[in-house]
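Mind looking over this structure? Questions follow.
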Amino acid sequence: MNLPILTIITFLPLFGAIWLLFVNGENQEKIKRIALVIAIGDFIISLPLFFKFKLNTSEFQFIENVSWIKEFGISYHVGIDGISLFLFLLTSFLTLICILASWNVKDRIKEYMIAMLILETGMLGVFISLDLFLFYVFWELMLIPMYLLIGVWGGPRRIYATIKFFIFTMAGSVLMLVAIIVIYFMNYEATGEYTFDLLKIYNLDIPMGAQFWLFLAFFFAFAIKVPMFPFHTWLPDAHVEAPTAGSVILAGVLLKMGTYGFVRFSLPLFPYASHQFVPLIAWLAIAGIIYGALVAMVQEDLKKLVAYSSVSHLGFVMLGIFVFNIQGMEGSILQMINHGLSTGALFLLVGMIYERRHTRLIADFGGLTKKMPMFAIFFLIITLSSIGLPGLNGFVGEFLVLVGVFKTNVLYAVLATTGVILSACYMLWMFQRVMFNKLTNPENKKLKDINMREWALLLPITILVFWIGIYPKPIISRMDVSVNHLLTQVDEKYKITLNKLKIEDEEAAYAIKEDESTEHTIEVD
Amino acid sequence: MEIVIPPFDLKSISPILIITISAMLILVADVFFRKTFRDSLGYISFLIVVLTAMVACTQMGKTVYSFSDMFVVDNFSVFFNLIFLVSTAIVILLSVSYIKQEGINYGEYYTLILFATMGMMLMAGGADLLTIFLGLEIMSISLYVLAGFRRDCVRSNEASLKYFLLGAFATCFLLYGIAMLYGTTGTTNIKEIASFLANNPSLSNPMIVTGTSLLIIGFGFKVACVPFHKWTPDVYEGAPTAITAFMSVGPKAAAFAAFTRVFLVALPDVEQKWSIILWVLAVLTMTVGNLVAIVQKNIKRMLAYSSIAHAGYALMAIIAGGDFGSSSLLFYMLAYTFMNLGAFAVVIVLGRKGKENANIEDYSGLGFKHPLLAVTMCIFMFSLAGIPPFVGFIGKFYIFSAAIKNGFIILAIIGVVNSVISVYYYLRVTVVMYMKKPVREFAPLSLSPFVILALIITLWGTIHLGIFPARLIDLAQKSTLLY
Amino acid sequence: MILFTWYLILSGVLFSIGAVGVLIRRNAIVIFMCIELMLNSVNLAFVTFSRQLNSMDGQIFVFFIMTVAAAEAAVGLAIIIAIYRNKATVNVDDINLMKW
Amino acid sequence: MPYFFGCSYLDLIGYVLLFPLAGTIINGLLGKKLSKFVVGIIGCTAIGISFILSFFVFIDLLKLDPEHRVFEIDYFTWIGSGSFEAIAGLQVDPLSVVMILVVTGVGFLIHVYSIGYMHDDDGFYRYFTYLNLFTFSMLLLVLANNFLLMFIGWEGVGLCSYLLIGFWFEKKSASTAGMKAFIVNRVGDFGFILAIMLIFVTFKTIDFTEVFHAAPEHLQMGSFVAIMITLLLFVGAVGKSAQIPLYTWLPDAMEGPTPVSALIHAATMVTAGVYMVVRCNVLYTLAPFSLTVVAVIGGVTALFAATIGLAQNDIKRVLAYSTVSQIGYMFLACGVGAYITGIFHLVTHAFFKALLFLGSGSVIHGLGGEQDMRKMGGLKKYMPTTYTTFLIGTLAIAGIPPFAGFFSKDEVLLDAFSKGSLFLWALGAFAALLTAFYMFRLLFMTFYGKSNMSKHVEEHVHESPMSILIPLLVLALLSILGGFIGFPTASAINSFLAPVIGGGHHGMIDGGDLHHVSNSLMFSMMGISTGIAVAGILLAYLMYVKQPDLPAKLVGKFKLIYTIIYNKYYVDEIYDATIVKPTVKTSFILWKIVDVKIIDGFVNAIARIVELKGEVLKLFQTGYVRNYALSILLGGVIIIVCSLVLL
């Protein structure tokens, strides 16, 4: 296809943001409409990717490769494969949802929408970048609008939260920058070519010692973003203070960048180190699963609860990635999408009652089902999806992850599976306290059920929730080849390194032998 | 005895000549035709600078040694000349209304700025320590005056005095260092020093080592690296804002130009020693600059500390050395020129006569009162913090790459960690602008077409060069030192 | 003939005296004079080296230094006068409005 | 009409599922706008059609050769990832047919019953939606042809149970009970999921047929893997079927509407565990140790729950404990290898327990919601039909011939004795005694004696409407006749289900037939169990009809034991104190200490330190020129010295 479709999709929101710059800020309706049209348009033109995606090739598709900074070998190289395809689509979908969800933002709507659209460009860019430098640029770029979204339109402690968010993420990612540069020069030494092109760097065989440090540098960047225990503390704060749409994007897309980074970069670039780090990551992931769930259980604030539940869910994703088999990996990718949908929806739902009641404390609610039956149904479905009820989306991903984990390490699987119990505990307990029981708080008696706009927000997500739960094949089949390719790639490189290690050992042994023999000869002499 | 008149290669110093002559003409014009020119001196100097820049551009691509090898025109110096001229031009744009508002609209203001620029160009093109010293002094003396240009303002006086005393003090060290090098090598010419050192054991010679160290003190003072940085915050705070802006970019770049040329061309054989010293200084500079910047309340002071920190990053480029190092320095300096001048431009726009409003808290709520200005400021702040897609990011990236390429990975890591710390105080400005309620009424902005032009240029530089830096990088790579 | 080293030692001593003077004196003008002293010690060093090496470069350098010192003196004194006008003191310890 | 448009009914098995699902969707989406009548009709019709279809499926299956009574149909690949594949496919074999007949049959009756019972409830449509969804899930559970699909149904019924227990969500106890049910079930699911994964890893497939086919070759008799698989599966079964130690949710589940208790918490869902064990009998047979565990847990639960049942006063709770106890019997049977007996008891239990629950519902309905037996009494005259049917049910559960329960329970005890041990038999037998006792205690307290009803209630007591009574009558009939499908020596269910047992590997596994048991043993066992039942009944008669003050005296005498039993051995409290509270407390500590204090504290401390450093370093900037000059000089000296000396 000659049309640079990825570029169009990625930069259309930016174009929209620039357009909005020139719209009079007083005209709120117009601004909202423009933003919505851009988001809808973006989503619609991203849909063909799904249908035109070729299932039988592991190559990247819809590739565009233009030299950007020739002097450094930096190119605007974008493309998607089965791994990024869905995250890409999820991003355009969730942004659309978010813009619609922000309809009631009154305060400085223009800047809000601009930030939102720029954010979309940044996020989309992250998922399509096939150039390390480009990736890093997008990775950092989306920090700014997110930072503003939380900081300007957030709750009372927004400044603390947003700075924490920014600095946490930045602290992780600068080390990655150093690592990227190191890889760049390593590649130069190996091939004599200055390039940041990921596909070329994939062929690079990084020495084991270096892999360790480089992996660690990437690890911090991604682990903070995921966020893995114990780097997660920015998340609850950021979620609680962020406006609804911010939370949705944060949970739905931003966190996935971390896990995506592991899949796209850490694994294929440092296969040996990745294998070496499995115990650490697995234990952290498991700790995250259990810890996140336990802490979520005792939260008093709905958003915080959902935030900690994200820590738990993302633990599954991490675990799935680091078992190096197809079920784990596909489960993880699917789980990324699922988490994006269900947690995103949870934040939407929380946002809806927050808009009505201006509180998120669980204690302030109770018995809402009586007043908001439709809301209750959606809430229930999403809650169950988050719990991982079979037949809904959450289960498929979670189960695949667990199968993958089980194949490699039973203990990990057993511990991770406890998350299944715990998730039911905190979600249902929360659901009970919010939706069930007697409606006692007089404030809640005036609550209105969801309106048309909110229907429009929740229905598509719910449909997807069911679709992925019941018939995930179209999704899994699209990632199959890519995931397989990735795993083979990792495996082959890992084996090469192992062989080298073996040879080195043998050589060392041989050298020792030789030493002994020479000593011997000396003695003879 | 035959008297040979050496060739006068005036073409090689044409930019300097133009600036010098026009600076003097402006002085004359101000004295004799004050009425006629009063307001137009600014435009005239701006045009002169632009003209000089065009002339300077034509010098690109060739290497000419002139005046008995005392002066050199090579891509390195041309590139630096362009940096100086760009910064001077922008500062003149910022000054036109600023000095009027401050009531210091005297013709010698422009003359001094032009002289300072001339000094910088001399420094960048100096192939002899004497030329470099001369350039340095011409630049410094002009700046001493400029710093105290608001002569009825005590702070300005104080800034001037401090700058002057300490500057002269530091110059003595520089000179003593030069003397020592001269004493050992018998020459002050950079190339000759280099060849002398290459042929003689230099590392064990205490004179050379001491001389090198003394040079570090002298240049270190000018680039404001810790522990010779202490004048910076005070002078930056007290000087007229436009001059602060000027000082933070042009003279700093000039000092780096001389620093780089002397250390990379003349003293590569002592690199083993000075690179370690500079390594420590760079780390100290970055760290102290950033840490203290965090607790600043005055934005000019904060920017002063930030400029100290940036000097630390730039030092990394010198330490890294090689083509990559010097080209990254070139790029970084230009990048820094744009973003820092931009930030100061916003500070100037928000200032009033007698009331600078330079406390960060004064910016509360700016984001809603003057959204465009706030966005502009945000962009500069993010760029200074090194966040893509702005030019500051590419600059830092370039420098870190250079450091890593030459094996200074730990230095690079310290550098990036520092840039995270720096994020904190840059963000605070944006936090105040966007996330705090206004604490005061905003007076109408002191916007004039010139300031707007300056803002547009700096914005363009910050954004455009951030997204499409390829050509500039190409240029910088072609402008590395020609040995 | 006196050894060159003595001149150099003298120059070093002068430089040190100047430097210490800068540190311990409070009057701006005296400080400035100490700086001048340091400059002149540099001059002495240059001239010494020049003699030793039989090269004129050092002496030329000295001329430049002297010129520059003169220029500095002019500017410096003007600055000191300006501050004296505003603050009626040239005690540098009283001149610390800006700190931290 | 064996063939439907030329195709076998077996092909239409999907429709058995489809109708309840359609009912769910229609009622769920439109129910609010439809009248209660229509909603009820839709709900019942959906299940009714399902039942009829099931019946024809059954007939069609019967036509097949007994050895080949397996029909599988695959619809689509549900999850396929690498070598892992879960197909959305159904399997019809004698076992699943028995189950779907029970589910749809009893389910249909309860749906009909619900129309009357729930008539005044605002959430009528919601109720029927859930109920239809439940039926769908339950059918999926029993029809699935692989473990994972079964797990959908497994969780689906759990969800419906959750929703229906908490149906009156405004009642805190109800919503809490729902939650408890779900979470406790999740604990079981934990085992189930692990079991599925272990099965996949072991057999590379999760398809029933393939797994059971491969099992005997793959797994050694009594091998560790076999034991693990079966034990983990059993953890799932324990959760779902409310066995020790995960039974506590079931009594609480009585917060739901009574028909729900009848359908979900008596007849169908809770027996899913038994179904699962029987379905996996091939695996269990390979793991004798697991079988022992199953048997012991079943037996102990049977007795344990029965003792609790002795002292409860809530009519539904007594029934709930009796359910726990009866399921214990089923597991006991399975545990000794008599899988078919387990299923047999499951079927009869479905009949009489549904009957009992519906009967109690009728009572509760008649009394306007009263559930405490101490406030009932003498209802015989007010509600004769209910009484009669209830009596039949009670006789059935007590094991009086020729009621359904007699045959099945007797067989369980016989198997426990002949294939298990005396100990297991003793557990069962003693539990049977207690069962007879507390069930008749319930009957007597409710229908006999003098009325303890309040005036207000007494005035309004009435016999229930027909929609309630008809299901009662049908179920009563089934409770009388149901046992004959497993009539000793000519057991229809035995021969029908036999092919299921052993997964086609005959000879290896005893198909649960009883022919090797001598007739004398069989008849003497029958006599003994009948005797036990009669003894229990007489005891109850003595205590609650003849000498109504005796219980109080006994209570006074055995105060401690009574208190313990009355408080259900404090199991809930123990769980609360040892698991729930510590977990919550730990979580609080994790949050408030680890998260806020340690991790965040660490982060904030770094920020603070950075800032403090800035504050300190700032102080060096004194503002004095001489000071600055000093730092230049000092710095210079240090540099020179270092470069000269150190470097």
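Annotations
Each chain carries a letter (A, B, C and D) given by its place in the written order, and its residues are counted from 1.
Please note the rule applied: contacts are C-beta pairs under 8 Å (C-beta built on N, C-alpha and C of every residue); 3 or more make two chains touch, one makes a residue touch a chain.
Note that the coordinates shown come from a computational prediction; the quantities given were computed from them, not determined experimentally.
By number of C-beta pairs in contact, A-D leads over the other of A-B and A-D.
The most distant chain from chain B, with centres taken as the mean of CA atoms, is D. The chain occupying the central position, as judged from C-alpha centroids, is A.
Centre-to-centre separation of chain A and chain C, using mean CA positions: 64 Å. If each chain is reduced to the centroid of its CA atoms, chain A and chain B end up 42 Å from each other.
Rounded to whole angstrom, the centroid-to-centroid distance between chain A and chain D, based on C-alpha atoms, equals 38 Å.
Chain B and chain C have Cα centroids separated by 25 Å.
Multi-chain contact residues of chain A, defined as those touching 2 or more other chains: 167.
The set of chain B residues touching two or more other chains comprises 161-162, 165, 169, 233-234, 424. For chain D, the set of residues touching two or more other chains reads 607, 618, 621, 623, 625, 629. Two chains count as a pair here when they touch; such pairs are A-B, A-D, B-C, B-D, C-D. On the chain A side of its complex with chain B, the touching residues are 25, 67-72, 108, 111, 133, 136-138, 140-141, 143-144, 147-148, 151-152, 158-159, 162-163, 166-167, 170-171, 174-175, 177-178, 181-182, 184-185.
Taken together, the chain D residues at the contact with chain C in this complex read 618-619, 621-626, 629-630, 633.
Of all residues in chain B, only 367-368, 371, 382, 387-389, 393-394, 397, 400-401, 404-405, 409, 412-413, 416-417, 419-420, 423-424, 427, 430-431, 434-435, 468-470, 473-474, 477 touch chain A in the complex they form. Looking at the complex, you find that chain B touches chain D at residues 161-162, 165-166, 169-170, 173, 206, 209-210, 212-214, 216-217, 220-221, 226-228, 230-231, 233-234, 272-274, 276-277, 288, 291-296, 421, 424.
Interface residues of chain B, counted against chain C in their complex, comprise 130, 133-134, 137, 141, 144-145, 148, 151-155, 157-162, 164-165, 168-169, 171-172, 175-176, 178-180, 182-183, 186-188, 233-234, 237-238.
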